[in-house]
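The same subunit A turns up in both complexes below, where it pairs with subunit B and then with subunit C.
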Partner chain A sequence: MSTATRRERGAASSASLRHRMAERGVDRKLLMLLPAILFALVLFVYPFTYGIGLTFQPLQGTVDKWGGGIFANYVAFFGDSFIFDSIWITMRLALPAALFNVIVSVPIAFKLRRKFRGKRFLSTMLVLPITLGTVLTAQGLLIFAGRQGWLNRFLIQSGIISDPLQLVNNYLGVTFTLVISGFPFAYLLISSYLSGIDPSLDAAAKTLGANWKQRFMRVTLPLLAPGLATTFILTFVLAFSVFPSARLVGDPLGTTRVMALMAYRSFAEQIDYSMASTIAVMMGVIELIVIAIVLLGRSFLYKGSTGGKG
Partner chain B sequence: MSKSQIVDEAAPFVRGAEKVLAEPKRSGHASRPPGEKSLAASPGTWFVWAGIGAFFIFLFGIISSVLVDSFGKPWFRTWLPENFTLSWYQSAWDKFDMTHIIGVTLIVGFSVVVISVLIGVPASYVLARSNFPLKRLVMVLFLLPILIPPITFGIPLATVMYNFGLGRTLIAVILVNLVPSVPFVIITMTPFIEQINPSIENAARMCGANMRQVFVRVLAPLLVPGILAAGILVLVRTVGMFELTFLVSGPSSDTLVVAIYRAMTSAGGSEARQLVSAMGVVYTVMMLVILVIALRFINPTQLVAQVKESRDE
Partner chain C sequence: MSLSAGTFESLELKDVGRSFGGREALAELNLTIRAGEFIALLGPSGCGKSTALNCLAGLLPLTHGEITIDGKRIDVLPSEKRDFGMVFQNYALFPHLSVERNVAFGLQVRNLPKSEVHRRVAEAISLVKLEEHAKKLPGQLSGGQQQRVAIARAVVLEPRVVLMDEPLSNLDAKLRLEMRTEIRRLHQSLGLTTVYVTHDQEEALSLADRLVVLRAGRVQQIGTPEELHNNPANWHVADFMGYRNLLDLEVVGVDGPQVRVAGGGLELTGTAAQPASVGDKVRVAIRPHDLFVVEGAGRPPGSNVFTAVVTVVEYQGREFAVEVTTASGARLFVHAATAPPIGSEVTLTLDPKRALVYRFVLDSPDSTDTGSIEESRLAEVHA
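Entry: the complex of A and B
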């Protein structure tokens, strides 16, 4: 066996270099990849490494205040509680919102996977908020859920509450915008994962006498779980980098002082590019840690075919 | 059993629901012959429709508040404004030069779509069809700009742009928006190309077509739905992209979202709320036009998976 392979390799080596490379998948076709790779190197890898390098060139003021030589930015990041606390503030916003979006999408996607009249219309309506964007959602929420808005007015006039609820300019307002922009996205992804599961598996469980609870817990959920993990990651990424709504409908100096806001403050208001890059890089690191944890959990889940995808 | 069934079928929807709530023990399936459906909705169904209802109340509340606000003059303590007027749109145009802003937005959007399709589609063809050394590394390289928060690479990128003297220019806005768009096209187009049968290309090659002819005559027509879908999604993302554009744009290169944000937060007290609302309505209308055109051509879910229709209907 091993001699045969060796002989084959020996024989191949007499062919031209181009031929041997082509056998390993390196041929002229790869040239089509070149623009994309060049693009990624110039516009993503270079600025990113430049930014990382910048974090080790702190401004003199930062060094004087925090010490630590070239690591002064990091010392400041972990030492300055005004900046460091923004990690928890961001997590407290992004994690519950992403979890909520995923968990609520599951039963809804489950119910709506059957055909019914107006399904296409409903799907279209659910896509709508994706096009609204965070800035517009923020403006609408300020008017709709503000003290004089229709929501409070309705609740007061129908006698449910006596004082207007404080729904905007705080933690709750930002959560609302995260749900409004994140939920349709989670729903679309989960329903497409759900449609990728072969319905005959469910039918087979039914013939074996499983009730819907057993079918869901034992058949559908294990098949869906990897998709749920992916959806969670993508919604979390969206919620984690929340920036305009935290400023507009949130309480940007208090409960919604998220990391993106802090990075922008250093960048545009303090013109401290190195500190801004430090916060930005730490933001990426923390997000990647969360993603890595979810992916690690996902690796214990079922990974085979779900039977439905063509 | 038969009695309950008769009641079920005769009772109006709401009474049926009351029955289920009153007798939660009886499972919907056991009491009916297979294949027949209960007229009463289960609690789960009620939960789902309540959730969707609440979501849409918020959604339409938000959209119509902005709409009413943009036409209203003055609107404080009443359900609806006292008078309706178009003057906010007039002043939005006078004050912000909306024609210019919309023009910038469309130029940025369409340039990003065209460039990212031109760069992305050939790359995704290679990724879908061939294996080569370091393929996983290349995949990670294309995945990272989508996974990393825009601010994280946006701030170093903006710093580089300012260093090169490109800050606040239209070119910088386009370049910055390409960073997540090209990988997005690659990630969405790769599975789309994978599902096209490679023997079609092989047949074309066998009949003597060269690579260019295979692309133009065989692949391009098959790829059009995928390219349209990816292009529309990129357009919507770019027009709605706030963070990256905001970091590099200046007064003459602001897209509409950024202009709205600046109007909402401008120093020395923000602009009148109605003025911002009027700009918001213009933005929504623009997005809706794009969306309506898009939905005539594509189904947004077709990219994510090949849907196999449920058999039990």
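Entry: the complex of A and C
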């Protein structure tokens, strides 16, 4: 870069324009980006801006009820506690589920770093749920853990409990599905971050007299933390947009009345596209706020090389 | 200088062995290390030298034997309780900690008072001359500087023993020489007991008080640099000690320590380094420096005179490394003060004392007497 600018500032470069452009990274290979740009424009940028536009075209009914002119949808969003409360309901589901996925993945990934018999089988079992769709997971959970499910029938018949456990159609059921679908992601990501940490660092800490707790807190965790933050963001976003399981195995009118359900309600039941778009946009905004907070925290951490195979 | 070495009398390895899934990586290692000694474990890759070091460090559990310090067993202690410093081949510095905090790590996990940590860290950093880099992260340092940090981090704990695993192998040639002197200086000034693993015989000879040569997990010879350099116990050690010419010949006559060997049109007199009798297959080891090119015409007296044709000449600064081929096709490496023209015929002489005759068959790895090639075998060679 610096050599290129220096050359241009000096006497007129003898290189052709095309050559000089190429030195700055502008050449015909850039055309290969065209399909991706087209794709993004048609399938993301246009619908996204269209959706944002929709939010400023509230139905007359909304304007009459909440006022605020073209901002009526937003006034309604913040004013209508039925809608606004869904933020906390969603948070209450997504935050613990994402935290759980990250925290539980760490020791498992840690243990599975070493070679042992049956390691491949175990890690396959851990990752397998990634192949199941959310609907399949929800249906399976209903059959397995419902009031008449295998689990409850087994527990009752073996005399361990007398009344069936309420494991689905509530907060717990949705949390289960979020863990089932989110954990494999978290585990895969964290184990790849972990394999990027040079094992000789742990050995070095050992010879310096650090016990396992000190080694984990002073060496492994600081090196892993940026990866944990990224993993948390990804599983959080996955959990925050939960929709099918909130409806199928949740309590869609109570503890699992998540934002995605509210958007769907506006769209399909009230035929209020502009309100549905508003809720969708606010979902994005809230996710971005959480991501920004996590990334801010991450910026204080060491992010350089961790010495391993990366 | 108040940094010093942890004190003890002797560190003893008794019959130490380590197998990986039935394969012996190290077997029957017997070694007594006196406090303050510099021991080099030398051998080709895969000979078990790193395994031995990791066993000492406690990073690998032993499968046989025991390690004691002043009679107290330490091989049952976990690595973090052994009080050994270790310097790794890839330095293994904590990338997220500054030089200072890397060096302070071992002191901090011992919960030492802040003032003492500060004092000892400053001392260790000045010992390796890194004062101006103390606040930097390891990633901002050169390889040599990183290795200095690794050394400071190990010696700041005043360990009983410092273990070094090929610490110079990632450095370029010039830096390697510099660091070698540095390590020797540190060892002399602090009196650190050091076990040093290397595959570089020159490094081992220049640094160590005693060398342990390993092959296929078994000790081949233990001795001072002079002993190993002048009287290798077998041809494998000789090969490692710079006896570049290894000739496979047959014994045709024995006269006390003098052995007459012949084969492929070549016949010369050597000294038996291992017992030999007529008809034995032997391997004769000769250092390039012990073969002399005879200047001028005329055949010099003596029994070990033969002619060869010059094939390759390499300039090496003070002298020339010359490869010659004998009439029988055997290739020999010779050092000469002047460069003979390629293709010319030269006459070579050799002192029979400097042609060491070894049994061709090395003791196979599963025979029991290999591990005990020690002072006794050496004494035999000296006689």
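Rule of thumb we're sticking to: the second predicted complex is superposed on the first by the 291 of 310 C-alpha atoms of A that agree within 3 Å, B and C clash if a C-alpha of one lies under 4 Å from a C-alpha of the other, contacts with A are read in each partner's own complex, and residues count from 1 in each chain.
FYI, a contact is a pair of C-beta atoms (placed from the backbone, for glycine too) under 8 Å apart; a residue touches a chain by one contact, two chains touch by 3 or more.
Since this is a predicted model, take the numbers as computed values, not measurements.
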Subunit B versus subunit C as contact partner of A:L208, first or second or both or neither: second
Touching partner for A:Y273 - first (subunit B), second (subunit C), both, neither: first
First (subunit B), second (subunit C), both or neither touched by A:V237: first
Contacts of A:L223 with subunit B and subunit C, given as first, second, both or neither: second
Which superposed partner A:Y46 touches (first subunit B, second subunit C, both, neither): first
Touched partner set for A:Y264, first subunit B, second subunit C, both or neither: first
Which of subunit B and subunit C A:L189 touches, first, second, both or neither: first
Subunit B versus subunit C as contact partner of A:D198, first or second or both or neither: both
Subunit A residues touched - subunit C or subunit B, whichever exceeds: B
First, second, both or neither for A:Q148, with subunit B first and subunit C second: first
Common interface positions of subunit A, toward subunit B and toward subunit C: 198, 200, 203, 211
Subunit A partner contacts - residues on subunit C that touch it in the complex: 57-59, 78-86, 88, 90, 92-96, 105-106, 109-110, 137, 139, 153-154, 157, 163
Interface residues, subunit A side, partner subunit B - complex: 24-30, 32-33, 35-37, 39-40, 43-48, 50-52, 54, 104, 107-108, 111-115, 122-125, 127-145, 148-151, 153, 176, 180, 183, 188-189, 191-193, 195-196, 198-200, 203, 211-212, 233, 237, 240-241, 243-244, 247-248, 259-260, 263-264, 267, 273, 276-277, 280-281, 283-284, 287-288, 291, 308-310
Contact footprint of subunit C on subunit A as seen in their complex: 198, 200-201, 203-211, 214, 218-219, 222-223, 302, 304-307
Touch list for subunit B against partner subunit A, complex: 27, 29, 44-45, 47-48, 51-52, 55-56, 58-59, 61-63, 65-66, 69, 76-77, 79, 118-120, 122-123, 125-127, 129-133, 138, 141-142, 144-160, 175, 178-179, 182-183, 186, 195, 211, 236, 239-240, 242-243, 246-247, 257, 260-261, 264-265, 273, 276-277, 280, 283-284, 287-288, 290-291, 295, 300-301, 304-313
